[in-house]
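This report refers to the structure that appears directly beneath it.
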Amino acid sequence: MSTVAQDASHPEYLAHHFSDIEQQKESAKLGMWIFLATEILTFGGLFCAYAVFRAWFPEMFHDAHKVLDLRLGTINTIVLIASSFTVVYAIYCIQRNNRTGTVINLALTLLFAATFMVIKYFEYSHKIHVGQLPGHFYFYDGLEGTNPHLFFGIYFAMTGLHGVHVLIGMGLITWVMIGTLKGRFSSEYYVPVEMVGLFWHLVDMVWIFLFPLFYLIG
Amino acid sequence: MSQHTHEHHIPLWVFVNVFLALIVLTGITVWVSTFDFGPLNLVIAMAVATVKATLVGLFFMHLYYDNKMYMFVFILGVLFVGVFITLTMYDTMRRGDLDDAKAGPIQTQAAFYDSLDIRAAKFGHGDGHGTTGEHGSTATTEHEDTTHAGTDAVPHDTTIDSTQPAGMDSTAGHSPEETPAEGH
Amino acid sequence: MSTATATFPQKHYLNDPPGLKSWLFTLDHKRIGLMYFFAIMFFFTIGGILAMLIRLELLTPQGDFFQSGDTYNQMFTLHGAIMIFLFIIPSIPAALGNFVLPLMLGAKDVAFPRLNLASFYIYVVGSIFCIYSIVTGAVDTGWTFYTPYSTSTTTSVVSMTSGVFVLGFSSILTGLNFIVTVHKLRAPGLTWFKLPLFVWGLYATAIIQILATPVLAITLLLLILERTLGIGIFDPALGGDPVLYQHFFWFYSHPAVYIMILPGMGIISETVSVFSHKKIFGYKFIAFSSLGIAFVSFLVWGHHMFTSGQSELAAMIFSFLTFFVGIPSGIKVFNWVTTMYKGNISLEAPMLYTLSFLFLFCIGGFTGIFLGALSVDVHLHDTYFVVAHFHYVMMGGTVMAFLAGVHYWWPKIWGRMYSEFWAAIAAFLIFVGFNMTFFTQFVLGSQGMPRRYYTYLDQYQPLHGFSSIGSWVLGLGFLIMAFYLVGSLFKGKIAGNNPWGALSWEWSTTSPPPHHNFETVPEMTHGFYDYDTVLVNEHGEKVYKEEPVSV
Amino acid sequence: MGNGGSFWLPPASSTVAGEVDSIFYFVYYASVVLFILVIGLTAFFVFRYRRRGGTRQFTSGFSHSNVMEVTWTVIPTILVFVIFFWGFNGFLKMHVAPKDALQIKVTGQKWFWSFDYPSGASSVNEIVAPVNKPVELLMSSKDVIHSFYVPDFRVKMDVLPNRYTKAWFEATETGEYNLFCTEYCGTKHSEMIGKVKILSELDYQKWLEAADFDTTIALHEMGERLYKSKACVTCHSIDGTPMNGPSFKGIWGKTEHFADGSSLTIDENYIRESILNPNAKVVAGFQPIMPTYQGILKDRHIDAIIAYLKTLK
């Protein structure tokens, strides 16, 4: 697109094949939402595995969920909700050209995300330590129901995939934060900030379901 | 309402209220989970989670204000997950309907549990266990095992039946051993 | 049909900008489409050679050509996996669709050109994984990777599934790009119900790509976890359920069948109208039946599992829903045939493949009815009847449509014409060879010959032998095609903008098109199928029956 | 039915085959009629409306007709509904075995079939059943998925590991029929072919008596059959070749060294323990992978195997 001569009606951030910024923005948004739909389906596969095995082994799921730490799960839920709020606040600020506010809020989001991952780290390392693990790796001897390793298989698959998304989200937030610091975004153009925000909310939304399914009702 | 220009004017108090609502709902769902409503546990938890997700979608993700096409795309995604789960469970939950032989696995417990200390640990404790009956019934549904000497299923079932599973650590309370800080 | 006055443009997308680097980093949808085209043709050739080897082995009942059953098993697995994941799924959307879609919409490019290039390179990375798995002891699981076989075999399942996993993202990104392009980049005046039907086909395909492919990704991820960590969800020895794997796999792979066929149907909707020189019959019914197929295709995956041990109730529901997929396909066929009524039909190469498509796809569709009927499927499942059925749909359907599309847009892509004479001969050989190869397999299957057999009982020898001979005729047809298509690039007649007298927008720009597709944004002066009021004469000029009505 | 088969279908030799064939031919003839209609019209149009003289003409604007659309939507819909209900009906019959069915246990394994009869008899790769009597198959697999398929009976059902599936048939004619594995299962998938031998009721009883080696044959012969039918043969050769497990050739009275360093002379007690608790003493150089036969082999079976092993010098 560098081959296209830029005139006044064609600002730097407008790609050559779009006729105006509104069209570009709507395209990006629609593309993002479609991407989010694919994310829903990706997690959907795992939710299906969860549903099938929970229906097959309700007692085992019930017993196994008790070894998860409800306290840490709740803290993580609140942390993620807070991070979602700061992302919204960041977009609210950039819409009003308040770059400082945006950067502060994005930094807070990063902080919350990091908190989430640190807590996840403690949860994981404890489970690895006591053997609440998937498949053959399972050696925990505090559960006697049918095949509790399946619960932990699904637990690790779902929270693991979610964790990977949190890490990707953190990378993206860092990227838009740097972009904001460099002054690339303004109330005129903040599509990337908004897109990253949407992604982050989806990650939050997935956790909103993972939390009760694993920590509350098993 | 669906004018895209309007999103610039969503006041902050909307987001603050949504945030507070989410926190409150989290509190409610955690509090409710301390009671046992039987099968309703799942319904309640999922209902609260759905309300929370809807709030996030409508307000944090601007679906309420934006082009309704986005909401359509989003709902389409959720709908197909629903189709996937529903039709799959039509199979997995109904395998025994016509012919009970197809209902479940021959050997319920994975073989590698034999080499674990779980059973041994069970013998070490003596007190009763609330879910004994459930496990008993799991074992007896495998009636095919006794009539058709198919595999080495017998050792497991006899273990489950004879030992009256008892005194697992998990029965003492809700996740007493789950204190990660100790481990590190 | 090209005109005496046709000229070859000086500057066009092939040479502007020049240089290898400008190709490798191009954001031009036409170049990306062309790169896809070469990549998929490479894998089509490999897959085709594997198929010929398989047929050679099956010439006699004993195992004689391959050293062991293992080699044979790897051959048919690779044939399936390469043809499906590396050829047929990207074939029409990513190669032809990429080239044509923005031209048809009067757009300068797809909505996300960078993403488009990325999806091509993701495809390349995925194909490298697949090639790596071939080099390191090819997989022998069948392209379906059924557990627990795939979790217990010693072959390189992980690298192949990783490859397919990566390829999935390429497919998702292409679908995403197309949907946004169709929604946001249509030229002014081009409303939804004026869109060319190929665009509708691609749009419906894209919906499946974005909604089904993620489930394949998670399925393969779980399979990889199963193999590496043994998480046990699909492993019966660990309390898991192999039938659940089949649900996961077919939730993607059945809709994927429609990822393959829907764009093909789109091409046929174009060619049947252009070469009958008649307004397409039942436009809205064809358009909506594409969406209908896309939607229903998500509800029928269980018909691959009628004998798998799934519950009879589920089998009933899946069988019932399966028949609903047949109806919209039938609607399309009837509309295409009626389009030819009172037309002005010319039998150039694209039309020959279109007619082949109609013939073969009908057989493929009708035999699908056999397989949808529960009790008949019990007899036919996993026999050569199924093999014949899906080759009639995939090859007789999609590949014929793909070839129709390639011959139809070839002059647009390269600016030159191929030899109609050789094209007709090749089309004839392919049609005859295909029927010889695969029609016999219907009989084999209904007589009980199971699929994926390295050796077989003597009683099936005559039919297998005939089928193998057919494969040589088929191969010869493709060989001839390769020669005249390559030859056309050097000695072909200059095509001119609109050799077929078609009315959609890709024919209003030069052949090959310029870098930015159009010198001026095209205007909606007539419908794309209005052969009753608009005619392109021998000089490439538009003649109107009445004064044009501006829209 | 009960003939030599036709161009399309093999002989119909079970009670359900007739109905399957009826639907098959119903769909077949309906398809042929519709196919001829569609392709005939296409050919006619191509011929009748072909372009003459190479110049394009304006053509008719006839491009929609709701009557036609409805017609070719509704008629096929009715047709496929009929086919669906008919097919489902047959499917149900295939899945619900009559109450008085004779039950035979089928085990699929790489790459052979084994069958256990109610009397205690067993056979490998050849299932024997009486004619005109429903036979119910209770099937499971020892490794990967297989599929039990008898084309002449129109019976097919996957055989899954760690789960039972059922199928049934009632043969209408005596004779031998092919039995295929139709779910891809690896190297010798195409050699996993067995026979179905349908005998008259009288012959079947005779066969059972002969096969019921618990009472009628010498102990070591019974052991040999068990060696084959209980899958010992897959891991233990009798010609001295080590496979997954040590060969049985000359095993009796030999001194074996075990993985834990100890050694022992092979006797009745060791063999008994190895069958019931295989991993207690594993011969050095082999993996502890043998499954236990606890609950599968009766005492008399074990004695028979011991007697057989004694003969393998």
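Annotations for the structure displayed:
Just so it is clear, A, B, C and D label the chains in written order, and each chain counts residues from 1 on its own.
Everything below uses one rule, namely that a contact is a pair of C-beta atoms (placed from the backbone, for glycine too) under 8 Å apart; a residue touches a chain by one contact, two chains touch by 3 or more.
Keep in mind that what you see is a predicted model, and the values were worked out from it rather than measured.
Judged by contacting C-beta pairs, the busier of the interfaces A-C and B-C is A-C. Per-chain CA centroids place subunit B at a distance of 37 Å from subunit D. Inter-chain centre distance (subunit B to subunit C, centres taken as mean C-alpha positions): 40 Å. For this pair, subunit A with subunit B, the centres built from the Cα atoms lie 20 Å apart.
The multi-chain contact residues of subunit B, meaning those touching 2 or more other chains, are 69, 76-77, 80, 84, 88, 92-93, 98-99, 102, 104-105, 108-110, 112. Each of residues 92, 95, 162-163, 165 in subunit D touches at least two other chains.
Shared interface positions of subunit A, i.e. residues touching 2 or more other chains, are given as 26, 30, 34, 37-39, 41, 43-45, 48, 52, 136, 146-147, 149. All chain pairs in contact, by the document's touch criterion: A-B, A-C, B-C, B-D, C-D.
Residues 92, 95-96, 105, 107, 116, 138, 140, 142, 162-166, 291-296 of subunit D touch subunit B in their complex.
Those residues of subunit C lying in contact with subunit D across their complex are 1, 68-70, 73, 140-142, 146, 148-149, 152-153, 236-237, 242-243, 276-285, 306-309, 312, 315-316, 319-320, 323, 326-327, 330-331, 333-335, 337-347, 355, 358-359, 362-363, 366-367, 369-370, 372-379, 381-383, 443, 446-448, 450-457, 501, 529, 531-533, 535-538, 545. Those residues of subunit A whose C-beta lies close enough to touch subunit C in the complex are 1, 3, 15-18, 23, 26-27, 30-31, 34-35, 37-39, 41-46, 48-49, 52-53, 134-137, 146-147, 149-150, 153-154, 156-157, 161. Against subunit B, in their complex, subunit C makes its touches with residues 183, 211, 215, 232, 236-239, 241, 243-244, 247, 251, 298-299, 301-302, 305, 309-314, 317-318.
For subunit D in complex with subunit C, the residues that touch the partner chain are 5, 7-10, 16, 19-20, 23-24, 27-28, 31, 34-35, 38-39, 41-42, 45-46, 49-51, 54-65, 68-69, 72-73, 76-77, 80-81, 83-84, 86-95, 143-145, 147, 149, 151-152, 154-158, 160-163, 165, 178, 180-191, 193.
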